[in-house]
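Look at the two complexes coming up: chain A is in both, with chain B in one and chain C in the other.
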Partner chain A sequence: MLEILPTPAEGFALVTLRGDINSASAPQVEQAITAALAGQNPPRCVLDLSGLTYTSSAGLRVFLACAKRIKTAGGTFVLCAVQPAVYDVLDVSGFTRILTLAPDLAAARLLFPS
Partner chain B sequence: MHAVPHEGGGDRESATRTAVVAGGIDLAITLAALLAAHSAVILADFCKTSLEFMAVLLAWITIRRIQRGVNHQFDYGVGKLENLSSLIVGLLMFLCLVVIVANAVRSLLHPAHISGVGVWISGVAQVVYAVVNSRLYLQSRRLGRERNSPLLTAQAGLFLTKAVGNGFILLSLALSSLLGAYSWALYIDPAASLIIASSILFAALGIFKNSTLDLLDRTLEENQQIAILRSLAKHFERYEELREIRSRRSGSQVFVEILLGFPPAQPAAEVEAVARELKADLEKEITGSRVTIAIA
Partner chain C sequence: MTPLVLPGRLESLEQVAEFVHAAAREAQLTDKVANRLQLAVDEVATNVVMHAYQEKGRDGELYLAADIDAGALRLHVEDTGEAYDPTTRPDPTNLDAPLEEREIGGLGLFLARRSVDELLYSRRGDRNRMTFVVNRPAPA
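And now, the complex of A and B:
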C-alpha cells in the first residue's frame, strides 16, 4: 500500500511517499513526479522518503528514469530521509553513487538556493 | 538447413541419461517386489516409480531435442520445451498422487498385514536407491543452478522426492514387519504412503507454479531486475534517457531488452560502445541472458 502526497514547496516540487513501492504502485509514483514537475524549468524535485518502508526494483526503475530525465534537463533530483531498508536496496543497486541523498527535508531545502 | 547446437547441453544430457538408466532398473525391481508382496506402500512405490521413469525419460528426450539445436523456426520458443516438460512432470506427479491416496484410503478401510518376499526385495532396493537418488538430486540441483535450467531444477525436486520416499518406504516396511503383533501396526503401511503422497504434492505444486509462470513469459526475478538496474546505474552518465526495460525467460534462456535514448549529436560509434559495454556487463551478470540494447 502506497500513499503519494505532492506538497507545494518553495522553489522545488516535493513529493512525499509513504508505504511500499511495488510493481503495481511504481507507475503512480512516476506519474506523480511528472505531474509535480509540470511547468518547472529547470526541473527540481525532492522525494521525501521518511515514510517509505520498502521499494522493489520497479521503484528503483522509476527513480533511475526520473533522475536521468531531470538531470538531462539540467535540473536537480534529491531523495531525502531515506530509511535504512530502502538505503540498503539503493546501495546494493549502485544508486547511492548516482543519486543525491539528503538526511532530511531541511538538508534537502539547502540544495535549492532561493 | 543449418542447425545451431545448444550450448552447454552435454552435462545435462549425461545426467539425465544416467537418471533414465537408473529409473529403468528401479522400475524393474519395484515391479518384481510388487508382484511378490501385499503392501500399500509397495504398490504406491511402483506407481510412483513408473510415473517418475516416464518423467525422466521425457526430460531426456527434451534435452536431446534442445541440444540437437534449433533450425531458426522457433528462435524464442525452443526453450519453452523445458517448461512444457516440467509441466508434464508436474502433471504426472499429480496423477501419481491420486493413485497413492486412493490406494491408501482403501488400505485404511480394509487394513491387512504386509507379506511376501517382495517386502525384502523392496527393502534392499530402497536402501540402494536412497543413495542413488540422493546423488542424482545433488547433481541435478547443481547443474540446474549452473545452467539456469527449470527442467533440471524440476528433476532435482523429483529426485529429492524419490530419496525421501525411499527412506519412508524402508521405515514403513521395517516397522510394519517388526511390529506385526500390534493391531495398530496395520495402519503404518497406508499412513506412510500418505506421507509420501504429501511430499509429492508439495514438489508438484512448486514445479507447476514455476513452469506455468515461465510459459507466460514472466519477467525476471527481483534479484535479476536489480542486477539490470545496477548495470544501468554503472553507465548512468553515458545515456540520456531510460525509456524501457523488458525481460522474460524461455527455458534456461533469459531475454533482456533495454531501450535507451541518446543525444542526437552523439556519434554512432560512442552509442555503439555504450550499448556493447552495457550488453557485456549484463550478460556476464545474468547467466544465460541475451541482452538487446535498443536505441530510441
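And now, the complex of A and C:
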C-alpha cells in the first residue's frame, strides 16, 4: 500500500509518501511530484519519506528521473527522513552520493532560505 | 506453505509481498532479512510481468512456492515466458557515476542478487524457475 499526501509548505513543493513503492505504485509517485511542481520556477521539491518503509528499484527510478529533471531546470530536490530499509537500497545503488538527503523536514527547510 | 498462483500483472505484486512475508514468518526470519527477500522477489516478479509477459504481448501467471528446512528458506517463482536466465546478466558498472551520467533503470537484478544468500535459475518443462535461498539462523 502506498499513500501519497501532497502537503502545504512555503517556498517549495512537499510530497509525503507512506507505505511501499513497487512497480505498480511508482507511476503515482512521479505524477504526484509533477503535479506538486506545477508553476514552480525554479522547481523546488522535498519528499518526506519518514513513513516510507519499502521501495524497489521502481522507486529509485522515479527519484532519479525527478532529480535529473529538476537539476536540469536549475532547481532543488531533497529526500528527507529516509528510513533504514530505504536508505540501504539507496546507498547500495550509489544514490546517497548523487541525491540530496536531509535528516528531517526541519533540516530540509533550511535548504530553502526565504 | 501452500503454493500460490497469481495473474502475471503488476497489481499482483502486493500479494507477492504478502506471500513472501508469510513464508519468512514461518521460517522465523528477522524483519530485516524478510524485507530484503521481499525486495529480491519483487524485482524478479516485476521483470517477469514486464519483460516475459507484457512486452511480448503474452498472458501468464506467477507461480509461487516455498520450501523450508532446518538450514534455509527456498522461495520459488515460476513463469511460462520464453527461456531466460537473468542470473547471467552482469552487475551495473556505473554505480559511482554523477547524477547527470546515471542511467535510469538496470538496478533491479543487482538489488535482487545482493538481497538473498543465493539466486538460482532453472528451466523446468515450459517454465522458468527462479529460486531465492535465504539461510536460516542456527537454533540458539
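Rule of thumb we're sticking to: the second predicted complex is superposed on the first by the 114 of 114 C-alpha atoms of A that agree within 3 Å, B and C clash if a C-alpha of one lies under 4 Å from a C-alpha of the other, contacts with A are read in each partner's own complex, and residues count from 1 in each chain.
Rule of thumb we're sticking to: contacts are C-beta pairs under 8 Å (C-beta built on N, C-alpha and C of every residue); 3 or more make two chains touch, one makes a residue touch a chain.
On a predicted model such as this, the values are computed, not experimentally measured, just so you know.
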| item | value |
| --- | --- |
| Combined model on chain A: chain C and chain B, fit or clash | clash |
| Which of chain B and chain C A:Gln28 touches, first, second, both or neither | neither |
| Which superposed partner A:Gln40 touches (first chain B, second chain C, both, neither) | neither |
| Touching partner for A:Tyr54 - first (chain B), second (chain C), both, neither | second |
| Which of chain B and chain C A:Val92 touches, first, second, both or neither | both |
| First (chain B), second (chain C), both or neither touched by A:Arg69 | first |
| Partner, of chain C and chain B, that touches more residues belonging to chain A | C |
| Chain A positions touched by chain B in one structure and by chain C in the second | 56-58, 60-61, 64-65, 67-68, 89, 92-94, 97-98 |
| Residue numbers on chain A that touch chain B, as the complex places them | 56-58, 60-61, 64-65, 67-69, 72, 89, 92-95, 97-98 |
| Touching residues on chain C, where the partner in the complex is chain A | 10-11, 13-14, 17, 32, 35, 38-39, 42-43, 46, 49-50, 95-100, 102, 104-105, 107-108, 110-111, 114 |
| In the complex with chain A, residue positions of chain B that touch it | 222, 225-226, 228-230, 232-234, 236, 239-242, 245 |
| Footprint of chain C on chain A - complex, ascending | 1, 20, 22-24, 54, 56-58, 60-61, 64-65, 67-68, 71, 85, 89, 92-94, 97-99 |
